[in-house]
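Next come two complexes built around chain A: one with chain B, the other with chain C.
After this line comes the complex of A and B, so read on.
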């Protein structure tokens, strides 16, 4: 891909994330209909001056539900991987730096977590602790720990053997300083790149959980829930399902694009970007 | 030895566990270094020079086993706890590594790497550290030092990077500087400049220096004393002038002969040392150099020669059949 086109796509992706993100943040102040108010005369209506993107099977404004749904999808999609980034990143760095028994325990632990069927974990948590945004976020966050631990550990392993780490020790740096000042800046970019890919995955997973009825409880709008509700009217009003589906598609694509671009920038091999 | 010893290494050995058995990387090394003096440690690749320098700083790999004593200013470094060692490293003993490409952190600015060490050891604030960093870079011969502070290592040339590494090592006014092949990764034309810089700063600060190199020529002009290492042992040790006047160990002679000479006619074959050092995981009963030595006799393959006591010239060697008879 020519560099200029790659850059254009990168900025388009960043632009989309900014638009969706700021709409989600400012949802309360935007001149939008309430996402739960039903306009029974406009059920399955197409776009109009009242409902810019039409209304769903219960007459609720789709644009408004998309924007408020973005709140939940993005909150879960950002907070859950952030949880994984903090916990997994810390564990991975410590394991890669100190090695030994601690590393064995961490690697064993994440193998166990990886082997555990994620859907069963999600089912168990929603059954025993109830369906809420917090519980879903924690579930998905825990599920994202293993991957981020591995990325952090692999990156730390390669840098911990470099001479500048020995040099820092020879200059009297403490373990904490080596981890925070010498290693963290080096592994931050690959970690952030992977974090963005994780955001994309988690948004899809949250959608899938909502689609299965394990996600955010209705009437709160979420993209996956909207797709599920739109399924009933696919033949008469396909836009009810397709609009949230395309929004999710574009958002996930945008996060992947940004993540890929960052990963390519950190890849030292010539031509990789 | 003139003056009290700053650094005394006694019977220092480093053993590394390997899949093929224990590898003795450093074998019962004894050294002394007086304050303000320069000691050259010379030997071919893999002879244990670097491991010795790491062992002095207690920076040997975690799985390595150390024995012996390292006395710095009367304190035994092998018995110090991690915190005391950390305060000593960089403050009293500093190191310049071989390759400035890898010994500087690629994602931190020069200024940050310089001031970090000073703030750690000298308890000065950020702006004082920045002022000091500019002075240090200027002393290390770096033009436009203020601008360099904001630059990253990859924006500098190899020679400049090594000057930065030296500035960092000197930043806390160490009393001992260990320069581990400081010019090996650099262009030949830069080598002399870096060595001159090290010599000048060493003299100005009256600090002691250990100069590790594989090039006897480098050691010749810039050290007070030379220790020649082979297969983890010190095989010859003498004041520099004495060593070059009357070297006793055939290995030292072979090392010297392997340096290309400017006045040799073109296409003169370079005398190389044939063979390789013995496998360090399998102890050899005799002199480790026996199989490659031009004066090898029966006894050399059977008994390991010990380092002789220092003679009147403070010259020591470990050889059964020394060349250059006494008085030469």
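After this line comes the complex of A and C, so read on.
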């Protein structure tokens, strides 16, 4: 019975991600009010026919802001770790395969990057580069490189000693061929599992930046920013803060679940799931 | 033993240099001219050139870096362009608040995580264990700022028990001081306890299967005594390490929590400096925090080596 329940929750998580993702992509075509339209008569209003989830302190439709905010969170949340996956995955795989000086350099470089508390570094960089979706994505992408490099390297180290790699080498396969045909398919699954966990973390960090007002610049709605704005109305209309908070929580939880389920599939240790 | 610490120390120096270099570069590679930004309306070509010369911007980058590093080592982190106070004194003034916050947060995390970890290890696989695992997992998805909002709503708005913002210095009023730290410390500590619980749980499950535990049980020792005296210490290795690493996470989390709850700590100093484009303070804080982080990790590493001789003598 627990196994059946676990599967249901897993697919619910996947379903939620699909719903949020589709809404974000199709935002322009959905019958939503504009996210920046201020309906001053409906300030802090509860759910109504005009505003399905109510309106915020400036009369803007919450549902529409949630959907458009999803765009930012998901864009940054998916592209930034993707950057980390491509760069970090490559670096990690090469480091784990070739070892030697290259590996020492890569590991040392990672340690330097990890020497900074991540949020502080993200704040510093976005301040100097300026706030925009591109800059934030790049910054968070760079921040996710160390973790993904480590996973890739660890996975590569496990597989590089195995017989099929030795066999391929004996057959005269080039390094490139071994990397692409033998190692990459094997480390892909743990990497993707970790990638999904990284997505969850990045969504949270982007939310933190927006919450502090240092994320994507103000007119654009973002979940973190909505939570921060809702803080002022906690005593009169708490849902202004709680609706974006719940949405973000569910989305992050969904990514965590899917990522963790995939990770458990690849981890042979008992009790790891 | 000294060889191990010595080796880690040799590794520490390049990392510290790289950290300072990175901090410096982030500022130095600023797009746009700081001198122009500072002079604003009064910016004429001559004044800009003069200011750049005065601030040393026209010197080669490497020289600037060494100059900056030299001053920093001497304690001179520069001066805030806004308030005119020395950066280092600004940092040191606010440091105690952040440290108090981090201490309370870590204590709360341990107070929640350790007992739960022990309970889960003892009832391994049971309903309680599974529930705790699920909660810990869900907690991963609840970031500090969300929890803060919930806590503020429940305890400040609804129950009116605790202050939502504001800080009372220790020497003024101890109770007020503690009250102003409750919500922030709980918010911050809540982010840490799942990790501590999970780590202690895994280690303790392994320890409880050891022979000497069975021996202790056979001797007829009471369960609590076995748990706390015989089983806890060997299982706390990873816990100690994770606690040390958690300090780094706490620093980042402190930035958020201090801003939300208006505590005058380093985190809030950083955010204020960022908003006001006060680069001297920003650089100073980042350098300070990063260096502290590296040093803490170094101490944790050495401590780990002290506690577990296998680490000290290298991998087998």
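In this section, the second predicted complex is superposed on the first by the 267 of 273 C-alpha atoms of A that agree within 3 Å, B and C clash if a C-alpha of one lies under 4 Å from a C-alpha of the other, contacts with A are read in each partner's own complex, and residues count from 1 in each chain.
The criterion applied here is as follows: a residue touches a chain if its C-beta (ideal position, glycine included) is under 8 Å from a C-beta of that chain, and two chains touch if they have at least 3 such contacts.
Values in this document were obtained by computation on a predicted structure and should not be read as measured data.
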item: When chain B and chain C are modelled together on chain A, clash or fit; value: fit
item: Partner chain in contact with A:146 - chain B first, chain C second, else both or neither; value: neither
item: Which superposed partner A:224 touches (first chain B, second chain C, both, neither); value: second
item: First, second, both or neither for A:177, with chain B first and chain C second; value: first
item: First, second, both or neither for A:166, with chain B first and chain C second; value: first
item: Partner chain(s) touched by A:186 [first = chain B, second = chain C, both, neither]; value: first
item: Touch count on chain A, higher of chain B and chain C; value: C
item: First, second, both or neither for A:92, with chain B first and chain C second; value: neither
item: Contacts of A:128 with chain B and chain C, given as first, second, both or neither; value: second
item: Minimum C-alpha spacing, chains overlaid - chain B and chain C, in Å; value: 11
item: Chain B/chain C common contact set on chain A; value: none
item: Touching residues on chain C, where the partner in the complex is chain A; value: 14-15, 18-19, 22-23, 26-27, 29-31, 137-138, 140-146, 149-150, 152-153, 157, 202, 205, 248-249, 251-253, 255-256, 259, 270-271, 274-275, 277, 282, 285-286, 289-290, 293-294, 297
item: Residue ranges of chain A touching chain C (in the complex, touch as defined); value: 108, 111-112, 115-121, 123-125, 127-130, 200, 204, 207-208, 211-214, 224, 227-228, 230-231, 234-235, 238, 241-242, 245, 248-249, 252-253, 256-257, 260, 271
item: Parts of chain B lying in touch with chain A, wherever the complex brings them together; value: 54, 57, 59, 62, 86-91, 94-95, 97, 99, 102-108, 116-117, 120-121, 165, 168-169
item: Residues of chain A touching chain B in the complex; value: 99, 162-164, 166-174, 177, 181-182, 185-186
